Amino acid sequence: MALLTADDYRASLSDGRTLFYRGRKIDDVTAEPDLRVAVDHAALDYEVAHNPTHRDLAVATDPEAGDYSAYYRIPRSGDDLLARSRLIETVTGLGGTMVTLIKEIGSDALFALQRVLEGKELERARAFSRHCRDGDLAVAVAQTDVKGDRSLAPHAQADPDLYVRVVEENADGIVVRGAKCHTSISANAHEIIVLPTRAMGPEDADYAVAFAVPANAAGLSMYVSSYAAGDRNSFEFPLSSRYKMLETLTVFDDVFVPWDRVFMCRQPEKAGLLALTFVEYHRFTAVSYKLPLVDALAGSAALIAQMNGVLKAGHIRDKLTQLIIYAETVRGLTELAAQRFRVGEHDIAYPDPLTTNMAKYTFATRYHEMLEYVQDCAGGLLVTGPGGEDWDSPDVRPVLEKYYRAAGSAEDRLRVMHLVSDLTARDFGGYHAVLAVHAEGSIEAEKMQIFRAYDSTRALAYARRLAGL
Amino acid sequence: MALLTADDYRASLSDGRTLFYRGRKIDDVTAEPDLRVAVDHAALDYEVAHNPTHRDLAVATDPEAGDYSAYYRIPRSGDDLLARSRLIETVTGLGGTMVTLIKEIGSDALFALQRVLEGKELERARAFSRHCRDGDLAVAVAQTDVKGDRSLAPHAQADPDLYVRVVEENADGIVVRGAKCHTSISANAHEIIVLPTRAMGPEDADYAVAFAVPANAAGLSMYVSSYAAGDRNSFEFPLSSRYKMLETLTVFDDVFVPWDRVFMCRQPEKAGLLALTFVEYHRFTAVSYKLPLVDALAGSAALIAQMNGVLKAGHIRDKLTQLIIYAETVRGLTELAAQRFRVGEHDIAYPDPLTTNMAKYTFATRYHEMLEYVQDCAGGLLVTGPGGEDWDSPDVRPVLEKYYRAAGSAEDRLRVMHLVSDLTARDFGGYHAVLAVHAEGSIEAEKMQIFRAYDSTRALAYARRLAGL
Amino acid sequence: MALLTADDYRASLSDGRTLFYRGRKIDDVTAEPDLRVAVDHAALDYEVAHNPTHRDLAVATDPEAGDYSAYYRIPRSGDDLLARSRLIETVTGLGGTMVTLIKEIGSDALFALQRVLEGKELERARAFSRHCRDGDLAVAVAQTDVKGDRSLAPHAQADPDLYVRVVEENADGIVVRGAKCHTSISANAHEIIVLPTRAMGPEDADYAVAFAVPANAAGLSMYVSSYAAGDRNSFEFPLSSRYKMLETLTVFDDVFVPWDRVFMCRQPEKAGLLALTFVEYHRFTAVSYKLPLVDALAGSAALIAQMNGVLKAGHIRDKLTQLIIYAETVRGLTELAAQRFRVGEHDIAYPDPLTTNMAKYTFATRYHEMLEYVQDCAGGLLVTGPGGEDWDSPDVRPVLEKYYRAAGSAEDRLRVMHLVSDLTARDFGGYHAVLAVHAEGSIEAEKMQIFRAYDSTRALAYARRLAGL
Amino acid sequence: MALLTADDYRASLSDGRTLFYRGRKIDDVTAEPDLRVAVDHAALDYEVAHNPTHRDLAVATDPEAGDYSAYYRIPRSGDDLLARSRLIETVTGLGGTMVTLIKEIGSDALFALQRVLEGKELERARAFSRHCRDGDLAVAVAQTDVKGDRSLAPHAQADPDLYVRVVEENADGIVVRGAKCHTSISANAHEIIVLPTRAMGPEDADYAVAFAVPANAAGLSMYVSSYAAGDRNSFEFPLSSRYKMLETLTVFDDVFVPWDRVFMCRQPEKAGLLALTFVEYHRFTAVSYKLPLVDALAGSAALIAQMNGVLKAGHIRDKLTQLIIYAETVRGLTELAAQRFRVGEHDIAYPDPLTTNMAKYTFATRYHEMLEYVQDCAGGLLVTGPGGEDWDSPDVRPVLEKYYRAAGSAEDRLRVMHLVSDLTARDFGGYHAVLAVHAEGSIEAEKMQIFRAYDSTRALAYARRLAGL
């Protein structure tokens, strides 16, 4: 029941899991340099619990469980949700705008399971939740199926395995087959919770399944994305050389799951609700972990504008103001979503869905416009400037020092320039940009959720009254 | 010290004030039909205090003052600000999206004066504040000078009277000359508080003046705008036939002001601060009174879409969702501005300026886009449809009833159509639209205030850390 | 075959047509003041043909027909389309941003009929086209049915008359019943062409009908919209006091149409094509007549900014630049649509649909944003200023002259202010705004047309090549 | 006077020029793998002249010069400009959305020099122009100085070398010192033309200098940017593995320039005009070379949407339509800019500046929004998918083939996905995005140019007439 250290965490990952990376089978996730960056980054979620500065935020205590990671505290109030948001923001801030996610997403799923389920399934979810909490585990969630042709339902696909499905049910448990994609942090998690990705009809019953498996389960293979692979020097890549999250194609090749880890089996009528309830938490996690990113955009734009000597230009002021409005609207709505919390099934609190989705929508739909403003403040040097090897060269550095000084020293300016480049113009930036559009549900999904979550009673009644109806 | 009734209020306005309307001198503001509509509309601020439904919100009590209008309660906390916001929203809702403003704006100015002033001027402001509260008075604020050529400072204008200025100072008081424009509700107020409109330099000392005069002061003439004049039938103009606010050109032709009503005299160094402090309250008043308007847009768009039978169309859903996001972002940020209150000089609370300005900016900059969406949901009938006389005609009505039915009856549909037309396509709508851009400060002023109010410490420090500086 | 004068036109309208306005039956459209404004405005289409300045643009000649109105010239080339565009722009410019439309829309329909029809129907259309040309007639088009519940097809409506339909067919002709709405300039036209409003299925055969009737046909009643009714003084309403277009609800109460005026009868398979072909011309007419409007926005914003003394302010420059980009993009795409003309059936040219729709879409979707910019340049005086009676009053005018001067005289400034107010903030402005969204097809219809008209071959092939497919 | 082959071109670059890349001095630009990619890409400009498909577009002929590269044809008409635009578009299309630029930018500068100069300087420019044409040379333009603190003028910088300046003038020529940045294709050009970057005052006379030097001039060092360095496999990086442009920091360390290559020396009054005239051509080059890029966005979005099976979804249609409008508005305005050509000094034609800048502004300000739409159509797989080594692995590929099939095969879909990823989410995409904002002048510069180029006469006169002035 002890809080793991970062080293404990690293050690625990050498468990025989089946991983592939860049075409090769990887024996130890901590030994492969690219993957190690991600492991070390994720380990932040363990470090904060042992860091006096963050301990109050990161560690919860209760009589039954003793000290445990605050990520696993079941929220009962707006204050709990606010504290959770601050913890996520803090650790993501330490993680260079990249969320660690190894406890965030898992606890989102655990809260959802404990709200939606009833009876014996609820008991299993509660037991599994205690298991995660007490073991201080890193927990991934595999939700998005590979989906095949998006215009067809799960059962109507050319290959029946394009959504994860139950292929066998017996006294001991179930056997599942299929694949999930975009599974974040699974390569360095202990457990993987599998949730349905959408509402389902009766014909899709086999696909209405939720369960948990350890990362080294037999038959489970994970194919780590090669996106943004490769060693990077830290002068040129101040963020991407240090902060990294891994995604996998997560393949279930007839994986056996014992009943005590099965949370839903062939209950299509509940699939949509479970998917949506998870998202209620997960979008709040999302807007919380976006806060360091929006601050980084606003802050780096102001910093580079100052170093370029353009802080007084009217159009630069205007762009900085847009960045402020953007960052602070996302922040304000996130805070408000917690303050407007509601209490759901089994006395578990959740953030106001309308406000959460508005925060996420605001973040997602203006993100690319903000990139334009940051790039505009920085200048073309973002993509035409010198790199780390230039800086390290005794022949080249003096030239750079002479010619790249502006309102600040060449070194400071180049460092900030590379920060902006990493953040907005290279693969790390592209990762953030694509996540803005797609992670935790698409923009379209957020719009639908806003339309549904909005209580139109007041506005409709008011319009009727004004019209004299 | 009693709370006036609406009739008390109406009666009190026949006080010999000098008013001009449509080229004529008006002897009694309550007897001129167009102006009477505005008086009756403003009287709502008195009615709510006697209405059991609203009394708790509208009436404050304290040992010294007894019962008094809650508008005049000096805010000490976020809850006070929230209650004030709800009162403003409620009365504006009763007023058909048009703010009454006769106590809102005056109390905004009184709070500002009591925060910014010191010494004997503070005592005068406090005494005047008690006078307004105890007399349950309607109080206008004349702030915007006519300004002449905007590229020149007050003292540099071709005519020295283009900003209100002190022309004489003697033992008893001061004499002022000049004109203010856009003075809302002055024609039906008891008192008029005059504030400087901008920061001023030493050469503008004569223009750095703040004071209060009764509406019937000698030498004071008010020229009521003819905008949206004329009698209107309520079928065709459901809002503008009933809800109206008056603006005046307010001319001070050597008006004497005794010292106990002079709050600032030739103190240019304080002019900017007073102007800005007033705006801190007044923009919060603004976003509070915009809430019924944004609800009316969202509600009437949904209602007319339903009546047209287009509620299922994807692009209509999309527009309704945009209206929801708009209305609810303004609402959310307004609520948050109160929750993030600060306590200023002399222990008077004020809403968070950054959040208030973001709410106002969001409202102002997307307003016209929202009009487009509402009009899109409604259809061309907004400007090609039948009017009240058509509806009243026994020959015409049956034709309309047959041909204008859709998913609702022709009557309901035409009523909602006229609501939308009044709200978005006629002079009442134009009034709202121009106010969105200009009232309580321009969009540019809001952007500047956001840039100034933003504390960039966190974001800059974070960017520096990420860049390794 | 002579070109009518404006007086000929006015005289010709006293023909016993059945008109209703503001609940009353109107005996003579030229005698009712509000309607007379519209008649005089429309008469511009006749005046230009007799005005030496415009005659070259306005009059066409050919051996068979002699001199005739250039509106009726069948386009054979891009130059013909450009000339047509310039004529429409010129007359609309004379008409104070309001299109006259009495020959524009009719000729749009005549071109479409002569492209789509074949056989005896084509002969009828050609004969009718000569009739309009040779008689120099004013011709309205009634296309939009009242439609009832938009989610239902014509035949599925609760009342079968909610789309115009054939109720009888006999040796002499057909009998039609139903109503069209938004019928522009019908009240002051000679002829009314009726076109189907949409694609139709076999069950809607009765509704697939196109024909022409004289404005005084038995059984035809027109209910003129009361929108923007009432006398206006020209100081306060410089545009709406002089320029006006009328719309009617156009009711066919068993109107008989002889065969030689029937262009389509129960041919649902052709209804969509005819509707769309008309729109190909009519949207080009639309973007042509929008050019004076976008110029008026850009010009009046610059003029009022200059008079306010704010022309050097960065944010004002920015808004003026946005207005320029807007106006000139619409203008440029309109010009290009003609240059990229195509030649359709029966050798009749038409403007490039993709480019035309992009011009219209650009105009429509940014219109409200432009209103915001114009209003921002002008100031709050738009809705708080003095009116015509104030200006005419010897008591009030001197006060206005003193206090409303800025970088220009008070008179010039107030005149431009009222121009902007009429154009953007009152019912005339609302009319333009709603037309921007709905006239000549909705924004959604334009988007669909762009998607369909775009030839994706080049882009798809290029993407395939880049991907190595 | 022969047209060089691609091999001639490659061979000619081994000329002893001083190049640095990634901290090392490079002896031969064609031997360094990363740089070789750029050389091969640039060689396209030579290949097209020998390719029968493109020869007509790529080769010009005249009696004096014989056959020569059409890039160097001095434009005399709109047709010449259109042909030039098509040539640039065609070669950029072959170059995978990346402009080759080795003749485009140089000829832009040569046209500008030949319009702006007079007398002996004009003769030198003409002679140099013939030299480039007859030698079929690759010509870079170094315009943007490193600039130091942007809030200070050239002469006011802490280091006088932060703008390139004349340090000595003698009988034979001048000596220059300083550095230019963002110099595109200089590393693989034969000649480098140096132009002033901005308007200058009398105190900046030393900085008002324009000249040409060969790429291997003594004292000239070029530091190639390391942006997007490194070897890439073509499955994962279909564009960036093959198409590349190099930028250098171009340092003049007391470089001698003989008088016959000096085009401007200490003529600050002409600096701004020369800078601007170059930009008149160069922005037209820019919008021409952006056309394959906007097609690639529109095409790849449609292709991946189809492969994902989401082509029928309303919101996807909407995004594809936005991409069409974007791509086609840029294309349309580019075409129109040529059609509206003007003839400038010395009978040299140039594209209409207003229209050119509107095309560029439209491209630049909506680019990031378009990236969002493309990414939205593609899905999260953009950043979570498998790479080239995965695809090459016999263990992994079958898994990918099974699970990544959708409405198309896994291979096709992954190839298009990587195309989109390269184009929008990785460093190649970031390069395009930053160029959209900064290349050929910033967005702010384009706005200023639009404001200046617009002839407001028509709109102002119209507004005055409407206002009755």
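Per-chain numbering from 1; labels A, B, C and D assigned in written order.
Everything that follows uses one rule, which is that contacts are C-beta pairs under 8 Å (C-beta built on N, C-alpha and C of every residue); 3 or more make two chains touch, one makes a residue touch a chain.
Remember, predicted model here, so these are calculated numbers, not experimental data.
Fewest steps needed to get from chain B to chain D, stepping only to touching chains, is 1.
Most remote chain with respect to chain C, judged by CA-atom centres, is A. The centroid of the Cα atoms in chain B and the matching centroid in chain C are 38 Å apart. One simple way to say how far apart two chains are is to compare their mean CA positions; for chain C and chain D this gives 43 Å. Averaging Cα coordinates per chain places chain A and chain C 52 Å apart.
The multi-chain contact residues of chain C, meaning those touching 2 or more other chains, are 315, 318.
Taken together, the touching pairs cover every possible pairing of the chains. For chain D in complex with chain C, the touching residues are 93, 96-97, 234, 238-239, 292, 295-296, 298-300, 302-303, 317-318, 320-321, 324-325, 327-329, 332-333, 335-336, 339, 354-355, 358, 361-362, 412, 415-416, 418-419, 447, 450-451, 454, 456, 458-464, 466-469. The part of chain A that touches chain D in the complex is made up of residues 20, 22-25, 144, 146-152, 158-159, 161-162, 179, 181-182, 221, 223, 225-230, 236, 247, 249, 251, 308-310, 312-313, 315, 365, 367-369, 371-372, 375-376, 379-393, 395-396, 399-400, 402-407, 421, 424-427, 429-431, 433-435, 437-439, 442-444. Every residue of chain D that touches chain B in the complex is listed here, in rising order: 314-315, 318.
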